[in-house]
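Shared chain: subunit A. Partners: subunit B in the first complex, subunit C in the second.
Showing the complex of A and B:
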């Protein structure tokens, strides 16, 4: 009997261990795969110097951009197809991306040759001594037609240039054509105001009985960018300095008034293209790359519109992604060649066509760009060129505190809009948290907040 | 060394690799993570991380929802798992097939299970499509609304029950198999009903397995978040989801570790309660 019990106990134990291990799988798998993937690269860095055509050997490209599987496959299969070398494109979340480069620089053992990330990522890496100076490469790219404004930003307030602008994107409105008939009378869909936008949502609700406007308020949704780059600056003309003022409060009040006409499942939406295509939602604000599938799949059913304008202008957030080389790169020649390749007009057009990020170089939109991408491109241009345009840059100089900064806006939203708490009380409660982030990082104000002369930005 | 001595050492030698594995990959990171929760940015010791955690606007709802989820899901899962285990033990026709069917969700990752249930419950999902097609609903009902915490929780419970009940079942099946048939036959002789047999024979003898299953399930339930994230998005929040967010989204490993430490303490407390509450008296062991 004893033995039988022992066996039963043992088998249970083995089962539990097995189950525990398998339960751990989803979190551990990604890590192991990435580590094993890059091992061969260290060993096989071959640069053929003599033979033509040139081959730049093996490169590892780590990127916080183009992470969705489909986009990453486009990079590997289409965009990189003509590059003379073997590139291993590894998409990575921001956290592990920074951890990995920091670890490689700390140990002096590099496996990554090229970095693709947003301006905000690079702005913390350069002061940490993780990025190479690319001034020489910049000079060799003079003929690309990359705007000086972008290059200036890439200098990160120094004399050096730390990254090469790679692609840009922004956020726009996507609307199902079925919603257009409910536009408030006299409203120009290409020059809406926030007031008209809310009225439009109400009209749709009154007519259909459904809340058919959507926001990406899910876990991976970019709703915080709506507050930082659109809502708050449109109403208050700033982001940080005006955070707790009456103008910003008016913006939040607008959202509170609008919210009954916003789809209640918005808190599960990450990419608005999905609810747009399923027609759960008719009108949505999101990143161009996250609306692209809707325009691509049914270009005849959707229109792309510029974002609405508030009392202080049509605030919008341009997103600039860049390419950089870590100091520990083992294949600098290959890395530079890859960056040159990625900024060629042809590659830029390919990037636009395949993943929906817009060129940073001067290109003519050729006829073969799909109707969906063309729709988005026109709205992006219209938005940037509108007379009341107010570009609000991505948060800068926050280092590792970028997440906390976003949290302030997400929490403000949760408390005011979802929990229905008093706007002034919530803003007053979040203000010291925001100020602490600014003081701790010493981040100076960024556009559209007025220049703080290198001092930490102050919440008024 | 004598053969006898060698023989005596063999079990320990065989245990050694797993002990090393557990120490290196389990105990060490656990201690590191636990101390991380008490580390200040400069390197000293502090309780600031716990203060930040408790002051966080998401803390109270996350704590509440996690406990609520456990209180609902554990009894539901145990009732289901026991029924399933008894069904298999009854040796009906095709009972082997049942075992395989029940075990299918075990092979599916937490996140994938969440996405499956999201596809069922979302506004244009399978459930609404079926209900509108049958004429039960005029237009899709929005189950997964943040205003509708009850439905959100229900969807998460359903997804979790579907995904993780079979773990409990497998443990209970193993436990059932260790109950000698003589006991049940003796009960039959005394004219016991099925209910009597379950209540007076099977459950008391199943106590050790129940204990293991309860401990395991409760610990795993404290860690649930991928299912909730996929099904409910930001509609409801859990302790483990907040730990993930603080590490991954807000990039603050110390506060994330504070959440993890809290989860660990809760897990340990519940384990002790189970060990104490379900201990098997010596005279009742088989």
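Showing the complex of A and C:
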């Protein structure tokens, strides 16, 4: 009896598994349809560009960028549609990304042909001999108009070029239109100062009784970038050299004064688009890609604003993603063709339109981008073009110590703002930790800190 | 006196039920809310307080998730890997479990401890050597080699569970069968195996769920042939909320269905183990 029931149970299970499998069948069919759809598009493009059809064959493209499921689908379905070759776009976490390439290089047998990642990822891979020198490819891309500043960064302090700048992003302010009426009198929302920003938060709190300003201080949030690229450089004009000075302390004091008007849930926020859409928060600072959904879903309700300016300028951090080729690539010609394709102005505009990362090449912003992307794009342009703009680059040369570097800033924040400890004492306590990281990695200063002539950057 | 006793009993029973209901809600409520969010319109996910019914009902996010590249193929890979893992670990693990349960041999306790200690080893530090070995053996990026890895991960559980299952089948019955003319093998097949079957079924289904949920080895050993957790978990943590709910629900549902089926056998199994 018992056995009979068991077998009945098992056979139902098998039936369900079968149903699950067969349920997937129609999806397979759709995929095939998509492939056949792509074919005429390819042929058209090839005929326009060259007279002999070229096919770059199969490519595997591993990327730590554009991982969100809807962005990855845009890459596969739209952005890569015109590329003459078959590209498998595989999003991957940073940990397995590095481990996999390390293993493939160690055995000399690769499955991956192209890499998409941030500058910080490549800066640890090139010294390990995992990346090909792309100097020749760089020369063939001279007409793209990629800024020299980006190329210099891509050399990773060597004579070679290890990756091609691919797309950029930065951080801006997103504000619900309901908050605009509480702006301090006389404040220009497109040219706020930190003082006005804090006053604005206080005005909203006084009028509504709620703290409606937010920061992504959750575990996966990018708040440390706010300290490294915005707050500290805006107040002190540097990041590492000025870390423990009185000017930086003034910046932290600003945050302490502001914090009562910041939503208490901020320490759980990772992506500010979510509390913005739920209206738990009205005004927030975050990465453009992590605000995009709010602008896309309700473009009429939100405005995008440049970040505030401090005494030393309007510091902001541009994020540069690049494309590289691992030494074990099986299809170098195809990989180079893909990189050339991804940096074509048309593809760059498509990338902006579909996934909200901004072009690295000189392009004319067309009118057909979606209202949400347009909002963000205008704020990014305003921010970069503001007269007091102070670009503060992502930390460089730290290799595997990037996480420790971030931790110094997160810890400083926790001790000063959340635990209410004395600012000077905390800064003095973190200073040797920061200096030890700089000494250990020998990382020279990066913008906006003054050039340290190749020596490890020194905390003053 | 007597009536106050009955009253007390009712109260204590009521409290037990209350506690049980609270514990059930503790687990079920979030699952329910995930389900509601998975079948709501995208913007409804951001509403607060959370709506208790999907209104308006929408399969848009779910369909997008299911149709996105690789999901269908990865479901198939997951099922294939799980089925191979289930078969291999039962074929290897059950005899080992039987040996531990039935035979007294030198080093039995050490063997048992060794089996468990493989689980105490942090597999994460193995990531690069593991990938290097699999590449060198030409077994990289294949569902079949992943199944081998999962078998290795599942074996300690299978061995320990099956040994308790066989230990709960009285040895006397087997001996009785042998006195009636059965060989040792026949006694096993005709007497012990049928009695142990529910427990074995629970153990194999447990292996299935274990393989279905495994992420680490699946991520590092495959590139193009990914299982569902490897595909989903690398992208969901950075995807917007609606997709996280859809993906989360899709991952949850099969495990829940399996649990429904094996619930009875699991109780059976744990009951015997604790005896």
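Definition applied: the second predicted complex is superposed on the first by the 408 of 460 C-alpha atoms of A that agree within 3 Å, B and C clash if a C-alpha of one lies under 4 Å from a C-alpha of the other, contacts with A are read in each partner's own complex, and residues count from 1 in each chain.
Assume a contact is a pair of C-beta atoms (placed from the backbone, for glycine too) under 8 Å apart; a residue touches a chain by one contact, two chains touch by 3 or more.
Quantities reported herein were computed from a predicted structural model and do not represent experimental measurements.
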_Looking at A:73 after the superposition, I want to know if it touches subunit B, subunit C, both of them or none. Which is it: first, second, both, neither?_
second
*Considering only touches as defined above, state whether A:93 meets subunit B (first), subunit C (second), both or neither.*
both
_Once chain A of both complexes is superposed, is A:404 in touch with subunit B (first), subunit C (second), both, or neither?_
first
*asked:* Looking at A:376, would you say it contacts subunit B, subunit C, both, or neither? Reply first, second, both or neither.
replied: neither
*Go through the superposed model and pick first if A:297 touches only subunit B, second if only subunit C, both, or neither.*
second
_Once chain A of both complexes is superposed, is A:103 in touch with subunit B (first), subunit C (second), both, or neither?_
second
*First (subunit B), second (subunit C), both or neither: which does A:278 touch?*
both
*Please identify the positions on subunit A that touch both subunit B and subunit C, taking each partner from its own complex.*
9, 12, 16, 20, 93, 95, 278, 280
*Going by the contact rule at the top, pick out the subunit B residues touching subunit A in the complex.*
57-58, 106, 109-111, 118, 122-124, 139, 142, 144-148, 167, 170-171, 174-175, 177-178, 180, 208-209, 212, 216, 220, 226, 229, 231-235, 247-252, 285-286
*Touching subunit B in the complex: which residues of subunit A?*
1, 4-5, 7-9, 11-12, 15-16, 19-20, 22-23, 25-26, 93-95, 98, 209-210, 217-219, 221, 263-270, 275, 278-280, 400-404, 406-407, 411, 414-415, 418
*For subunit A, which residues count as touching subunit C in their complex?*
2-3, 6, 9-10, 12-13, 16-17, 20-21, 24, 27-28, 30-31, 60, 62, 67-70, 72-73, 76, 88-93, 95-96, 99-100, 102-104, 106-107, 109, 111-112, 220, 271, 273-274, 277-278, 280, 293, 297
_Can you tell me which positions in subunit C touch subunit A when the two form their complex?_
42-43, 46-48, 64-69, 71-73, 75-76, 79, 127-128, 131-132, 135-136, 140-141, 194, 197-198, 201, 219-220, 223-224, 234-241, 243, 247, 254, 257-258, 261, 265
